[in-house]
Amino acid sequence: ARLFVSSNMAKSKFEYVRNFETDDTCLKNCYIVVRLDGRNFHRFTEQHKFTKPNDNRALGLMSRSAHSVMEELEDIVIAYGQSDEFSFVFKRTSTWFKRRASKLMTHVASQFSSSYVFYWKEFFGDQPLLYPPSFDGRVVLYPTNRNLKDYLSWRQADCHVNNLYNTVFWTLVQKGGLTTAQAEDRLKGTLAADKNEILFSEFEINYNNESALHRKGTTLIWEKRDETVTKRMKRPNEEEKEVSVTRSRKRVQAYHCDIIGEQFWEEHTDILEDDGC
Amino acid sequence: ARLFVSSNMAKSKFEYVRNFETDDTCLKNCYIVVRLDGRNFHRFTEQHKFTKPNDNRALGLMSRSAHSVMEELEDIVIAYGQSDEFSFVFKRTSTWFKRRASKLMTHVASQFSSSYVFYWKEFFGDQPLLYPPSFDGRVVLYPTNRNLKDYLSWRQADCHVNNLYNTVFWTLVQKGGLTTAQAEDRLKGTLAADKNEILFSEFEINYNNESALHRKGTTLIWEKRDETVTKRMKRPNEEEKEVSVTRSRKRVQAYHCDIIGEQFWEEHTDILEDDGC
Amino acid sequence: ARLFVSSNMAKSKFEYVRNFETDDTCLKNCYIVVRLDGRNFHRFTEQHKFTKPNDNRALGLMSRSAHSVMEELEDIVIAYGQSDEFSFVFKRTSTWFKRRASKLMTHVASQFSSSYVFYWKEFFGDQPLLYPPSFDGRVVLYPTNRNLKDYLSWRQADCHVNNLYNTVFWTLVQKGGLTTAQAEDRLKGTLAADKNEILFSEFEINYNNESALHRKGTTLIWEKRDETVTKRMKRPNEEEKEVSVTRSRKRVQAYHCDIIGEQFWEEHTDILEDDGC
Amino acid sequence: ARLFVSSNMAKSKFEYVRNFETDDTCLKNCYIVVRLDGRNFHRFTEQHKFTKPNDNRALGLMSRSAHSVMEELEDIVIAYGQSDEFSFVFKRTSTWFKRRASKLMTHVASQFSSSYVFYWKEFFGDQPLLYPPSFDGRVVLYPTNRNLKDYLSWRQADCHVNNLYNTVFWTLVQKGGLTTAQAEDRLKGTLAADKNEILFSEFEINYNNESALHRKGTTLIWEKRDETVTKRMKRPNEEEKEVSVTRSRKRVQAYHCDIIGEQFWEEHTDILEDDGC
C-alpha cells in the first residue's frame, strides 16, 4: 500500500504541466465565427455517390447537424452553410466558455461531427455510411456588424459562384453529353453572364429559377413562435377543465434567401447587436 | 444576367474579411498535445446506463475512436486515455497542418466524435445511442521530453487517484450496502493507503489485482510488425508459384501499463525525439 | 580562408531559428492602444525631487516625449497622458508595421524613453538626470468607438480620482501641517465630495479652479493649421517679388480638457473613424 | 461637488475596458529572447558621422546600454550584440514579469533606449546627439539549448558575413580609391574566400587579425568575481584594525570571442540550464 500513499504526491508533483496551457480568450465585443470545412470531402462524396451538382440528402444532413450545434451551444445567433462548410456566429457579448477559442471551436466541431453520423440514416436511409467523416475548424473575430455581414456575404457569394459553375458544368455533362474534361474546357474563362447564357440558350434553364437552397445556401436563425397547447387543469373548488396555454418558444428556423442585401437584416433586427454597445 | 456579372466582383469585394483570421502556429520543436474531454458525460453515462465504476464497452469505444484518430492524422506518436478523456501527442517536428493549433485540435475533436458514434454499435450492440455526444479540446505545448513525460504521468496519476476512489466507493455501495451518501462520507479525508485497506480488509480485494485497463488507462503507440503474406507470382519463362512476401507494417498497439516510470520509455525509445535535436 | 567559405553555409544552417518567431498581428479594424507606464517611478520622483502633488516640469517632459512619439510613428490619432503614464491610439485601419503588436509597442516604448532623456534638460535645466529611467508597455485592442472612448474615459477618470486625492493629501501636509501618516488617516474612507469639502472649508480651495493640466491630464491630437509664409519669387520676364504662400500643415496640439463627455468628440470629428466602416 | 461624487462611479463604469487586454504569457521552460534593432540607423549613422565600416564609439555605447539592461532586468543570462542590434536571453525558468511578452520586450526596449541617450556623452564626448534614436524589438522563444545556441550562432554568423563584406568594401573605397558603386560592383558574387583574398593580396590585410570586437561582436554574461575590500573594524574590547573582506560579486563581463563552437559553452557551463529539467 505504500505505493498508493505516494500516488497523490506523484500527481501533485506532475501538476506543474498545467501551467503550460496558454490563454486563448477571444477579444471582447467581437463576433466570434467558427467555420467548419469537410476534410477530404471530394473523396467522401465520390464514395457515397452524392448526386451532382448538389445532393439534397447531404445538404439536409449538414443543416440538421448545424441545427444540433445551435441547440447545444448557447449564444449562436446565426449560422450559414453551403456545400461541405458551415459557419457559426456567436453573439459579440457571449461569455460562453469564457470566450476561449479552443473550447468554442472544438465543441462546435465535435457536436457537428457526431451529429453528422448520428443523423445520417435520417437522410440517407439504407445507404450505409462507410467511414467516420471529419471536419476541421477555425475561429475568426469580427469587430463590427459591417465586417460580420461582409463575412457572411463572402460565403454566400462563394456559394453563388460555385453553384453557378457546377450547375453549368454538370448540365453540359449530363444533358449536353460532354465529358468532364470537355465541360471544363468549355467553361474556361467564362464570366457569370456567359454561364447564364449557356444554361438559357442551350438548355432552356433560367438559373434564377433553380433551387434557392442551391443558389443561396442555408441560413439558420432563432425565431420566437407562440405555441398554444391545451392542458387539462383543475383548481380547488372547480371542475377540471381544458385550458389553452400560449407560450413563446425559440426555435431554429432555416432560410434559403439572400443575406447579402439589407432586406434580410432589416427583417431580422434582433440577430445583431448594435456597434454602439 | 447582369446580376451575375457582378457576383464575382461582389465576392472579391467581401474577400477582405479573410485577413481577420489570425495565425495560431504552434512553436516549433515542441510536442503538441491535444486533449479531448467528454462534455456533460455525467449525464451521458447515466442515460446510457454505464456500469460503475468502469464500463468496459465505453472504454473500448473511447480507445477505438482514438485509434481512428491516430490512423487519420499523421504524426501522432502516442495517445493516452482514461475515463472520458484522451490525449494525443504530435511529434515535436511535425509540420502537419503547418502546426496550426486550430486545425489540429478541431480535426482531432471531429474525427474522434464521428468515430464515437460510428463505432458505437460495435461496443454497445443493440443498446441505442440516444443523442450525439460531444467533446471539447485544447492544445498544450511541451518543450522537452521531461515535460511531455510529466504531462502523461500527470494524466496517469489522475487515472489512478480517480479509479482507486471509484473502486472503493462503488464496492462500498454495491457490496457493502452503503448508500452513495454514506460511501462518500466514509471516504472523506482518506488517503490512498486507507482506501486500499478498506478494499483489502473488508472486501478481500487487492487493488493491485484489479484490471490494468482501469488502473492504468490506455496507451496507444505505433508498432512495426512484420507481416508475411503468400502471393501467387508468375515470372516470364517460369511457372506460376507461391511466394512468401514479408513486409514491415506500422500498426496502432494498445498498452495498459505504467508510463510514469522509465521502463516503458526505455522499451519504446522510438516514441520521443531527442531534446538535443 | 577555408573558414570563411563555410561561414555563409554556417549562417544558412542556423537560419531555421527564424521560424520560431510567431505572428502577433493585431486584429483588423480595431483601435490599437499602446500604454506606457513608468517603472519604479516612485523612487524616480523621490530621487529627482519632483514637487508634490504635481511636478509641471515632469508633466511637460512626458508630454514632450509623447509628442516625439506621435511625430515618429504614423497613424497615432490621439494620445492621452497623466502622471507617469501615456496611452497612444493607432487608427483602426492602420497598417503601420503590418499591425504587429511587438513592433508597435517596442517602438513606442523606445522612442518615448530616448526622448525622455533627450529632452530632460529642456524641462529640468541644470538639475541632472541621475540614471536612465524606463517604461513598460502593453497593447490593447478596442473594436468600437464606444469601447475606445470608454478606455480614454477610464484613464481620465483615474487621473481625476488620483489628482483629487493627491491634492487634498498634500494640502493637508503642506498647508495643514499634518504628517503624511495623519493625512492618509484623515482621508481614509472619504468620498470625492468629502475631499472637495475639506479643500474648500479648510483651505478655501475650489478644486474646480485647480490647474486643468492636473485635473484633466494631457490630450494630444493632430490639427491642421494654415501657415502663411512670404517667399521671394522671380518668374521669367518679371521682376522678383514677394509672394504669400499658404499651406495646410498638421501639427500636434495639446488639450487639457474633458474627454469623457461628448463635446470634445463632437468638436473633433476627424479623430475617430466610423464603426460602420 | 456633485460632479465628484459621480467620478468614482464613472471610473468603475469604464473599468470594463480592462478586460480587453489579452494574456501573452510566454510558454514555460523556453528561453525568451528579446532582440532589439535600430530604427532608421542608416540615416542615424550618416547624420552622426559614424566611421566606416565600424565605429567603436557606437559599438561601445550599444554595449554600455545592453549592460544597463542586464543590470535592471533580472534573469538575463546572456546578451549578444553586433552592429545596431542586441539580443537578450532570459533564462528558461524565469518568472520575471510573469513571463508576459509585452512587458519583457517593452522594458528591454525602453531601458536600452534611455541608456543609449544617457550614456551618449561617455562615448561621443562633445559630439552632440541630434535627435532621440529608437529601436524596435521582438520576442522569440526557444525550447532547447540547441535551438538557443543556434539562434546566437545565427546572429554571430550574420556579424561575420556582414563585417567581412563591409571590411573589404570600405578598404576598396578608402585605400583602393574605388567609388562606392565600383566597390559594390567588384564584390558582386564574391564568396568569403574571394573577399579574404582581396584583402590579403591587394592590401596585405589578414582578416583574422582584424579586431575581434568587429569580427565576433559582443557577448555579455554574468561572472562571479571575488572582491576584496579593506575595512576598518572595531570590536568591543579590541582596538580598531583593518580587516580584509572578500565577497563574491556578480558582474557583467564582455567577450568578443566565438560562441558558435562548443568551447565557449564548455567554459561557461552555468549560462544554460539543462534540457532535462
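Here the chain labels run A, B, C and D in written order, and each chain numbers its own residues starting at 1.
Note that contacts are C-beta pairs under 8 Å (C-beta built on N, C-alpha and C of every residue); 3 or more make two chains touch, one makes a residue touch a chain.
This structure is a prediction, so every number in the text was calculated from the model and none was measured.
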Item to complete: Examine where the copies subunit C and subunit D touch and state whether the two sides share over half of their residue numbers (same) or under half (different).
Response: same
Item to complete: Tell me, please, which chain's centre (mean of its C-alpha atoms) is farthest from the centre of subunit C?
Response: B
Fill in: Between subunit A and subunit C, centroid-to-centroid distance (C-alpha), Å
46
Worksheet, complete the sentence: Note: subunit D sits from subunit C at a C-alpha centroid distance in Å of 28
Worksheet item: Taking each chain's centre as the mean of its CA atoms, how far is subunit A from subunit D in angstrom?
Response: 52
Worksheet item: Listing for subunit C: what residues touch at least two other chains?
Response: 20, 22, 27-29, 141, 147
Worksheet entry | Complex contacts: residues of subunit D adjacent to subunit B | 27-30, 141, 143-147, 275-277
Fill in: Contact footprint of subunit D on subunit A as seen in their complex
19-20, 22-23, 25, 27-29
Discussion item. Touching residues of subunit A toward subunit B in the complex: what are they?
Written reply: 1-2, 4-8, 10-11, 14-18, 20-22, 24, 36, 39, 68, 72, 97, 101-103, 105-107, 109-119, 129, 131-142, 147, 150-151, 153-154, 157-158, 160-161, 164, 191-193, 195-197, 207, 260
